[in-house]
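Across the two complexes that follow, subunit A remains constant while its partner is subunit B and subsequently subunit C.
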Partner chain A sequence: MPPSPCAICKTNRALILRPKNHQKLCKPCFLSVFESEIHHTITTNNLFHRGERIAIGASGGKDSTVLASVLKTLNERYDYGVELILLSIDEGIKGYRDDSLETVKRNAQQYNMPLTILGYSELYGWTMDQVVEQVGKKGNCTYCGVFRRQALDRGAARLGVKHVVTGHNADDVAETVLMNLLRGDLPRLSRTTSIITSTPSAALANPSSSSPSSPPSHTNIKRSKPLKYAYEKEIVLYAHHKNLDYFSTECIYSPEAFRGSARALIKNLERVRPSAILDVVRSGEDMARLVPGSDEGCGGGCESQGGNGGQIPVAEEEDGGCGSSGGRTVGGDMAAVERQLALNENAQENGLEVEIRTVGVKSQGCERSDSLRSDVVSLVNGKSGQRVKGQAFTPRKTPQRQVMGQCKRCGYLSSQEICKACVLLEGLNKNRPKNQIEVDGHGQEEANEAVDAIEVGLQQVKIEGI
Partner chain B sequence: MSETKDGDTIPITVEFTGGLEMLFSNQRKHELKLPAKDESEEPANIAFLVRYLCENVMKDPRKDLFVLDDSVRPGILVLINDADWELEGEDMYEIQRRDNILFVSTLHGG
Partner chain C sequence: MPGKSLEQQSVMVEQSCRRCRTNPAVLVVRTEPVCGECFSKYVHTKVIKRMESFRVRFTSPDQLRKILLPISFGISSVSLLHILDRQLQTQKSKTGRTGYSLHVIHVDTSSVEPSAPDAGLLSQLKDRYPHHIYASVPLHELFMSSADGSPSEAYKDLTEDSSLEDMPADQKLLFLIGSLPSATARADVISTLRTRLLVQCAKDLGCEGILWGDSTTRLAEKTLAETAKGRGFALPWQIGDGDSPFGLTFNYPVRDLLKKELTAYASITEPPLFPLIYEPPKTSQPAPSSKSTTIDDLMKQYFESVEENFPSIVSNVVRTTTKLEAPSTFLSEARCKLCNMPVADGRFGIHGWGGDQEDGLDISGKPSRELCYGCTRSVPPTVTLSQGVK
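== the complex of A and B ==
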């Protein structure tokens, strides 16, 4: 193949093929285009304002390293007048995080930025190594994800910083859009597509009094993703061509997390049609606009007037999963969704069967219903309000508006009385985790409960019929 | 091409980064002498190199982390002398002496 010239300068040999538009660029033109697009994202969304102190959530990985490098370059080139600092979270995983933290320390020197490292042990009294020792390797990602989410906000609050930027890229956002679509979680879809979110977080006035019981004062921590429209491929190429010092490894507790994940699907899509990633991101934004009562009528594009108006959507609560790779989902999640869908189908079929039988025995309280849930509920109600054992049918995550309040223990943003981190911590501290939140087992458990409930319901119907 | 005869080898440098080095004995840079012709006596191309790497260089049994459906796994970038392989004909690119072939994974976290 004859070498093609760069589409911009027309002289140098093209080395980069841009996924979003198939443009062929030489190295200097690519670096400059990449930077100016990030600049464009920052200015059109008014992400920064002069005098702001901004913490970069830094893991030592490619995304946050590129983010730090680009932001430093742009801040100098376009005189944003912002102060950039690095904030790293140490989960306490030996042989994984220690190495990447060394990279962050080098970055701090290379970019001349102050660095703060905050450990899970310091924040929660548990390192991930200790958590794994207690709960085992399965399901530990949930702890890590929940803790991590709050850790950045808490770290920022301690530093007196009101804005945290993270290295989430277009692939990350596309993956989240797909996952939330598959789960049918529209409110979260709308929140996660936004380029800016805010988290009412506990800002502890006195850094030493970090016990959960001390009364926290609340600040708004703004979060933004300046790399939201940047392809992961281009981020890696930018790091390569700029010779950036980054660290890539896999968490020892979740190796090959990308196998069977939505991430793999995204990468396959990209292979077939590279523009697909940005298309999914844009579609996510468009759908977010259509979500009734969404926090965000505008896909994150319209709060450009004056920054933190009431327009900024509240950040989502982290559902768990591996936070170490920028909100990436854990492997096998696609399989989990598929299993869930199959279960739903089964449940519906079972529901129909139950319905026929109940009609056969002429149960009075049975109305025509097409879901397993309402079926059994009506059956149970028919039997003078006797409850099916346990709470078999807490509604699944049907799209509903979350009412955000604050955790009674730590003051962190939460839709529950006690936030997830505090619930998990309580379990850990009691020496046995109460809430085994585990993506894989979840659907199965519910199915078992459903089957139990059907049996109970049938018995009741029979008794009544006799 | 005239300088290579049958049975000859091509000296090349193969590099693995972005986490891929873990699959190749934690060694980033490999100096190889690649057979000049593939199994069917065609000039060695990237597709052949990938097969060769799997059979001769990669000791890790998890081949599927590198290759999927007979091609480099989506999410792994291939740079031929720093140029995106898509600009060079992808796996049909015929390997030249002293080429530098870089495989970068985008799949691993930090």
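== the complex of A and C ==
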């Protein structure tokens, strides 16, 4: 068989089978088509504006490395006029982060971009290794994901940057769509596909009057995913053919079942029909519009209307964005959810469930009942008996629109009174030997305002401990 | 675990049924050991509860409510027929009449699906449940010209020129299916056409709605498969009970039962349902990469394994998807020419959205076909019914 020519330039020999559509391309054409697609994503969604400072959430993995490289190239080629900087979060996982942070440092030199590294220990007083030591390997992804989400925003605020771009790719988005279907999480389903998420200025304009002490907020940070439509395989190909310096190790702590399951499914789908990843993303965008009460859920479709109208508020624990592998999210493993669901089903069957919610939770409904947290207490009377019609509570309601406010402790955007990070920290700090807090407390003293709230939390613990 | 027999769980030997507390339990349903009788009752209740609106009291004596029941000879649809047959007999014996009558229709796809069931099974069904009206309809009937010789609606929808008009309907179908690019596309188009044909039959027969036999497991498969095929926009109409966009009601009475529960049920009925059920030949588990694997196959395999250990997650997928709301304006939206689903703002085809990077390319030259995103994936523009007859 004669060597086939490149489908685009028709002259060079095709060397690359494009994963997305199985087009046969030569190397230069592949690189240029990959870049121009991202340029297309950026321009049609008006992701950037001239003069903007943009922090690239850099992990040293392939996605963020390619993102940094492509954005630098495009910024020069098309004169976006944006200033790019690198922002890295050090979770404090020995053997995983140490090496990848070295990569980020090299990237900073290669791309001539300023780099800031912020540690979990600096931000929260806990490294992930310490968290794992305390909570064990199960569920540690929850901590990591929640902490990371805020860490980038806190870091951005510290740098005076209002826009953070992350390396989430099409596979990640598709995976999250399927995962949220499997978990039965409609509110999150309606958010995951949006290319821009931003903490609403509403949360700023309307500061909760009940908390005069709420610290200055770092909540008006815009997030976007320029690689949202880029296939993971193509990102790897691009990195390979551009000889990019990236670090490839999966997080040493294992992924949770839901995401692992969805990821395997996406890989199989891609094998059967290469367009399937993109098709799932498209379905996700369309379904976002069908989620009851979410006129916000316009997916990627309505940005063209311009302005901030199309921007979507994020929840504090959304897309965990776990380093190179795209995020482990909260939600517990499948077995735990299964048990909870089975309990609810049984209770409903017997018509005797009573649902008790924790008081003081402003926005009930969606997040809580759908993701089946344990604050919904089922009181099941073992014997099935007199079923009184209408008295039985139905545990799942139509998901309601989330009301976003600010965390009373740290001021971070939250649908709850206390944001997830602060709740998790409280749990961690409760069980921590006291002397250790002091050590970490010292390290924090120079932290800026953004961190103050957490620090106050820590000091309170210290005082209580004395 | 539902459907697991007790022998497999030796720990639980010689338990008595948790429900009646007299008979020995023969299987475990959602963590409860139950006897055969109570299990049957459980299955019936689940289905009959979904048939509320078809009770005798909602039908006036001079009214004849007709419903179409599609039969694929799979476990779910045969079980549904079995249960409804009993319901109708009970209604008759109690009140002297029934709330509705059934038209049982099998769509014969054997010309395009080698593993399609033998349509002869229909006469066996008829022998066992003689009180209903039965028919087998070949899939290509959708392309049959009407009595006055004009081409069928479905055919007109799918082709622009008339060069193939004289071709016999079965050839048109073979031609269309043969031109599709993948196993996934063929399976997708066949099932889309089947739905269209059933809707057409229901209308021709004067049925008010269709009772689909999809189990919880099947609906969960469908949810993820349609999502993967880019048809997420149409899920409310493919999973939910109630008004469909086709002027008929769709109902899924078996939606609260898992596939494995129905499998257990089919073996404890007297006599068992298995002789009436068609199991496609099990080719040794096809590798996911195999050319013949379809997206539907993948999802089927996936949920078979999820159902085993996480049955509640399967039902939760369905419950959640059912909450998606069809846009209120859907009746006025333009329809896809293949699946007939309303397409919001007429966004046909795979271009013109964020994930389409070829906006800049000139695609305006071709007449844009009015196919939805999902159907365009299965029937790419290179395929047209009127092309390349040699």
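Quick note on the criterion: the second predicted complex is superposed on the first by the 313 of 466 C-alpha atoms of A that agree within 3 Å, B and C clash if a C-alpha of one lies under 4 Å from a C-alpha of the other, contacts with A are read in each partner's own complex, and residues count from 1 in each chain.
To be clear about the criterion, a residue touches a chain if its C-beta (ideal position, glycine included) is under 8 Å from a C-beta of that chain, and two chains touch if they have at least 3 such contacts.
What you are looking at is a predicted structure, and each value in this text was computed from that prediction instead of being measured.
Colleague: Of the two partner chains, subunit B (first) and subunit C (second), which one does A:100 touch, if any: first, second, both, or neither?
Modeller: first
Colleague: State whether A:271 touches subunit B only (first), subunit C only (second), both chains, or neither.
Modeller: Both subunit B and subunit C are touched by A:271.
Colleague: With the two structures laid over each other on chain A, which partner does A:24 touch: subunit B (first), subunit C (second), both, or neither?
Modeller: first
Colleague: With both complexes overlaid on chain A, does A:158 touch subunit B (first), subunit C (second), both or neither?
Modeller: Neither subunit B nor subunit C is touched by A:158.
Colleague: After lining up the shared chain so the two structures overlap, which partner does A:37 touch, if you call subunit B first and subunit C second: first, second, both or neither?
Modeller: A:37 contacts subunit C only, not subunit B.
Colleague: Residue overlap on subunit A between the subunit B contact set and the subunit C contact set?
Modeller: Touching subunit B and subunit C on subunit A: residues 268, 271.
Colleague: For subunit A, which residues count as touching subunit B in their complex?
Modeller: Residues in contact with subunit B: 1, 3-4, 13-17, 24, 27, 59-65, 100, 103, 171, 232-233, 235-237, 240-241, 246-251, 256-259, 263-264, 267-268, 270-271, 322, 324-326, 328.
Colleague: Subunit C touches which residues of subunit A in the complex?
Modeller: Interface residues on the subunit A side: 36-37, 40-41, 44-45, 170, 177-178, 181-186, 195, 228-229, 261, 265, 268-269, 271-273, 275-276, 278-287, 289-292, 299-301, 303, 334-335, 337-338, 341-342, 345-346, 370, 396, 398-399.
Colleague: Quick one: in the complex, what on subunit B touches subunit A?
Modeller: 17-19, 22, 62, 64-65, 73-75, 77, 79, 82-84, 86-89, 93, 102, 104-110
Colleague: Can you check the complex and tell me which residues of subunit C touch subunit A?
Modeller: It comes out as residues 30-31, 182, 184, 223-224, 226-233, 235-236, 288-289, 293-295, 298, 302, 306, 309-313, 315-317, 319-321, 323-327, 344, 353-355, 357, 359-360, 373-374, 377.
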